[in-house]
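Before I ask anything, here is the structure I am working with.
A, B, C and D are the chain letters, set down in written order, and residue numbers restart from 1 in every chain.
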Amino acid sequence: MIDAFLHAAIVMTTPILLAAIGGLVNRIGGIVNIGLESMMLGGALIAVMVSAQTGSAGLAILAALVTGAVLGLLMSLVITRLSANEIIVGLGFSVATAGLVRFFLKSVYGVSGTYNPAGVAMLPPIDIPALHAAPVLGAIVSGQDALTWLAWALVPATAFALRRTRWGLRLRATGAAEATVRAVGLAPLTIRDASTVFAGALAGLAGAHLSIGVVGLFNEGISGGRGFIALAAFYFGRSSPWRTALGALLFGGFDAAQIRLQGHWIPAELLQALPYAIVIAVLTGLGLADRRAERSGRMG
Amino acid sequence: AEKPVALIIAQGGLGDQSYNDLAYSGFKKALAQDKLEGKAVESKDVVAQAADILRRASDAGFGLVVDLEYSHGDPLAAVAKDYPDTDYVILNQVKPGANVASILFQEQEGSYLAGALATLVAKDASIKGMSGKPVIGVIGGTKSVGIDKFIVGYIEGARAVDPNVEVKVAYSNNFGDPALGLQMAKAMFDGGANVVYQVAGGTGLGVIQAAKDAGKFAIGVDTDQDGVAPGAVLTSMIKRTDVAVETVMKDYAGHAFPGGKTVTLGLAQNGVGLSPMSHTKDKIPAATLAKVDDLKTKILSGEIKVWNAVDQGYPPFFK
Amino acid sequence: MTPAPAVAVRIGARALTRRYGALVANDAIDLSVAPGTIHSIVGGNGAGKSTLMRILQGVDFPDAGTVVLNDEPVRLSGPADAFARGVGMVHQEFMLAPPLSLLENLILAREPVGAAGLIDWRKAEEEAGNLAALAGAAIDWRLKAADAPIHVRQILEILRLLYRGADVLILDEPTAVLAPAQIVELLKLMGKLRDEGRTILFISHKLDEVMKCSDAITVMRAGRVVARTTASDTNVDALARAMVGDHAPALLIESRERPSGTPLFSARALAARDPLGFERLGPVDLDIRAGEIVGVAAVGGNGQDELVACAAGILAPAAGSIRLGGEDLAGASTARFRAAGVGYVSADRAHEGLCLTASLADNFIAGRERDTAFSRLGFLRPANIRAAAARGLAGLSVRYGSVDDPASSLSGGNQQRLAIARELSRAPRLLVVSQPTRGVDIAGTAFIHNLIADFRDRGGAVLLVSESLDELLALSDRILCLFNGRISGELSRSEAGVETVGRLMLGRRAAA
Amino acid sequence: MMRALRPRVADGLGAAAPFVFALAIGAVVLFAAGFEPLSVYRLMIEEGFGGERRIAATLTASTPLLLTGLAAAIAFRSGVFNVGAEGCFYLGGLTAAVIGFSAPSWPSALVLGAGLGAAALIGGLWLLGPGLLRARLGVDEVVTTLMLNFIAVGITSWLVNGPLLARGSANSATPAIALNATLPRLLPPTTLHLGFAISLALVIAYGVWGRFTVGGFRSRLVGTNPRFARAVGIEPERVLVATMVVSGAVGGLAGAIHALGLVHRFVGGFSPGYGFTGIAIALLARNSALGVIVASILFGALSSAGASIQLFSNVPIEIVQILQGAVMVFATAKLGRLWRRAG
């Protein structure tokens, strides 16, 4: 029972984590990405289409990555080059992309909402025979797909890259002081665009994980608000990949838990609202802690 | 020729893999068969635009308006009074008016049979994948009384064949999230459920996928979903919304619109019922099928009256 | 380093023009800077100095004319291009990423990378160490830029140019935020760099500095070059005349004897933290009497900002008490401080002193909108508001279009006049003033000094913080020196001199 | 007084540009799908504004947007990025519906007053928390108000499925409100109701408030420069909390007017995202009252025409969503830069 729960928690965490890492990097570069949802949706659809066409999950993933990246670039250009408000652009992108996806499905495939072609190649789970039998660990790591591994590998990799590579340094500088970055001869807007492209690519992968990693079909509701959950996760994480991962895990774990807890203590509607309340509670706690630290002061 | 027909799509829109899609397919079929003109109207804001859309269609010379949106009941009754020459159809509720036809479904009756079959199959360890224990599940797309009408009937049917049955109930809060549906069903299968009934539109496609992965059974809903994953879908609780729309349009084309009448579509009218089970029939012992048939006969004869959560409220065995 | 090339003009401009709308910020500028020299550019506020420098650095682009490098006209594509040609600039505003460490700020855009494309921190530290040694500065490279003292940030910006291999250094008002001792250090460093063959473009409003360090001087006024000279051919007065044109202002403030009586403002055991939570101030005791200007001298980051913020009621003290005219203001809101009679002229004109997007009229009455003169039953009285603003501005000889224009339409010096006028129009009892003339030209400075002295003469109390010792010595009746958040000495007007104050600011004892 | 509403020509052009862009993008999509964009747009204009009834339908559709746009504008003006109007809309709608069906014997004015007032109160209280959190602890209000939307939807759908469910209803809905609780129709038989006039009046009052009152003056200073505001003795925290509460109250009121004026009960799917559309409207309007009115009516027309054009053409409804999304994308973009770059 606990094994199944842990396994499900990891599966549910993967798309949130992928999108949240992207959103985190984007935010460090200076853009709060509200459009992750649309990039997920685009990635999910393209993944199913390419997978059904070619029978290759690898190509499908690549296509989802590119789709998310292109959507990210488009969104970024409006924000950086036309100085538009990132929040409204992100919301608009989500609305317009949802409409476009439906419009596309109707006019190309003559279907509404769901696209369920034959011959979708799924992402294969990676079994680790040595760990399969291990009690808790086996359930967590065995039988997960490549995108889940990628998502978790990205956590330390992102933390490392932010600290130790020139791209990380430039990204942090861009988010903190755009004029400075321009003055030293770099192109802050391009750096910012690159971070949105990265976020879009990861959100595209998150979509692919949902459509060809979990179910093998596309539905217009498949992103299920996970882009917004990812937003909460990286806000929670502030600028730390590890804390962001913790936030994503909180939501993924909660999703896995709530489907097991339903009908036991509280009504399903309220149970499902709980993670949002937890986010507020955690932010309040962090705010209080900051305030206390400020009150008690530091030695300088 | 007759004046054209308008079909007003309910919340959730086309693509819900369920109610709207089914009605729409009946609508298209009727247009072709009866040589009618017609348009379907979708709106993100369908709740608020009730009277506006109904009046616009009536003003624009549509002769029949079929409204799928539940919240349009009262506005439809009001608009219908102003347009005596236009016919209206409302579903799932009864509204007055000589030019208004009401269509009611008895989804609880078909769900009752689904629950009974699910329990019998679950208890039969000779069927591949079944544990032999009376544990089954159901996943609703949202917590609402319209969905609970299915769920209550399902539970009642399960209890009819085994009072000790355990029925796991959960709601996905989303009709379009198959990944969530898959995880929810998986949790139920992991928890010992043998058969899971889905009443959750696109989310339910994930439930079927999970049954296939787990070597258990799902039960489809609305359309015959047995073919979605042949062998993994035990049966489907078919609700003939398409037939209802098709029939009423045919009557309209033939100048026999059932204005002022209430059309009830239950087991007796073949408006709801189980699918032919073309992929699974062979795996199920004949006695089990006979038992389900027997229950069906009893419902038809009135010997069994299945609980209708919409009319009767919630029964004591369901919270 | 780069050997001085055999050219006549290392950097310069030819008929260079830059317009902002109707305003001609640079009007057919010709400039020639010889290699291996320190070339100063002086001029009043808005003369166009920064604009010219930004164009030379490729951050901005001319509408007509060209930049000249090594005798050749060139078209710079951007700052990266300028860096590639050996030209680097320290901007008037700090160009550092606050949350990054000093080392990270140093290497940004030219990071040493080692194996696998990772930043080679050891190499970075080594180069940083060499540069610090060259500048004769001790720098904790791990400190966040936000936490570093101002002079360290200023030095870092110069070191960054050297790190990038620039041999032309454009320094736009680098001394504006430094204490006297630090200015001396900086000028020394500049001389050393020049002697090594580098070319330096230096901008400052402090003409004595300019006289001290320059090989050549170009004077700008209203977008044009009005004089070219050398330090040996001119003097401070001549330069000032060239800058402002005909009307050179008189600069004489009379000192006052120390007034007696109970203090109007009195702080006891006052302590405060900066926004990052570091103890910066205190505990200090401070009294100010009506009719007295108390000046505070301190090197940046020694608690004077916190003192000002506490006295103005912007910052809640970590400990201690503040009383004004007997009223206890401990824990009171800014609004209560103001109601009690505190006026405040912020050092941060653009963000705290004014609301640049709001109209002149709104800026003038902001904070008094509830007065019956300006509103009735919650409704504003626009006619009264505009009339009051017009009256207020009339006495300041501020040039403006309409009181409905945004405050951003005023030049920097005029913005400062507006900010001070607003505070004085409230008839405060205590005026807290921080850096009243930072970046203000000579004429504006004199005007502002007169406003402050007038207020004192009418019985007002003034707390004055300034980085300019000249200003403190010209205005203050009494000078307090802060070092490490504590009062390191107190001098009367007659005792105070640049030497003594400078020593106390650095925590050393005053000479007997 | 009209000065507050008088548009500046340049502002007007600036605000129209996003629509032009969105229409161009929509035209490409339509063309690609084999439709004639111009005739689709002509049909949309006819369905949006062609005749009294269509105009009434458009104004009805714009009513909730006027108020959610107003709720957003009030907040943005003071520098608070409140995205929580959606949640307030749900809570306000449910509150008003409950009062509306519970007191069938009260005088109409009383029950309407109670319904609208209670909804405003609930909406205001709902956002008091985020206001205080931001003012006291610096907790980002975008996240807290976004999260509160999900929570409000959860709470209302629980209530409407359980304790407040109408007997015999096959979907989540409260009983219908009593006749005394319905806002009167302005132009029968169209659905245009008194709520439109109330909403319009409130937006105009906002324009007057923002320009001519002490409160509007303070909110503008706090919104553009909070440090300056503090330095001259205005307390940004007070303004911020008050703003959040007022914004929430307007959001709650919007829901109440929607329930009492149009839907006549609370049902599942009560708002198709009016709160979020309101954000777009406020940004598009640059927080000006006139802008809110114009943008609300345009979005209302898009919605009402989007539904009814389907009766006369085969254009998929998604074109409305695409247009709306595209307007949002370009709402705050400085489109002039495209030309400067090219030129």
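What we mean here is this: a residue touches a chain if its C-beta (ideal position, glycine included) is under 8 Å from a C-beta of that chain, and two chains touch if they have at least 3 such contacts.
Note that the structure is a prediction, hence the values are computed from the model and not measured.
**Q** Which chains are shared contacts of chain A and chain D?
**A** Both chain A and chain D are touched by B, C, going by the contact rule given at the top.
**Q** Express in whole angstrom the distance between the two chain centres, defined as the mean CA positions of chain A and chain C.
**A** A distance of 45 Å separates the two centres.
**Q** Quick check: how many Å separate the C-alpha centres of chain B and chain D?
**A** Once rounded, the distance between the two centres reads 35 Å.
**Q** With chain centres taken as the means of their Cα atoms, state the distance from chain C to chain D in Å.
**A** Taking the average C-alpha coordinate of chain C and of chain D, the gap between them is 46 Å.
**Q** Where in chain D do residues touch at least two different other chains?
**A** 157-158, 161, 320-321
**Q** Can you list every residue of chain B that touches 2 or more other chains, as numbers and ranges?
**A** 13, 143
**Q** Residues of chain A that contact two or more other chains, please.
**A** 102, 267, 269, 272, in rising order.
**Q** What chain pairs are in touch here?
**A** The list of touching pairs comes to A-B, A-C, A-D, B-D, C-D.
**Q** Write out the stretch or stretches of chain D touching chain A in their complex.
**A** 29, 33-34, 81, 83, 129, 133, 136-140, 142-144, 146-148, 150-151, 153-155, 157-158, 161-162, 276, 279-280, 283, 316, 318-322, 324-335, 337-338, 341
**Q** Note which residues of chain A are touching chain B in the complex, please.
**A** My answer: residues 1, 4-5, 8, 11-12, 15, 102, 105, 111-114, 116, 210, 214-217, 219-222, 224, 255-256, 259-260, 262-263, 267-269, 272.
**Q** List the residues on chain B that touch chain D in their complex, please.
**A** Per the touch definition, chain B meets chain D at residues 6, 11, 13, 39-49, 51-53, 55-57, 59-60, 62, 70-71, 74, 82, 92-93, 142-146, 149, 310-311, 313.
**Q** With touch defined as at the start, can you tell me which chain A residues reach chain C in the complex?
**A** Residues of chain A touching chain C: 164-166, 169-170, 172-173, 176-177, 179-186, 293-294, 296-300.
**Q** Enumerate the contact residues on chain C facing chain D in the complex.
**A** 312, 314, 333-335, 337-339, 344, 346, 348, 351-358, 362, 366-367, 369-370, 375, 378-380, 382, 422
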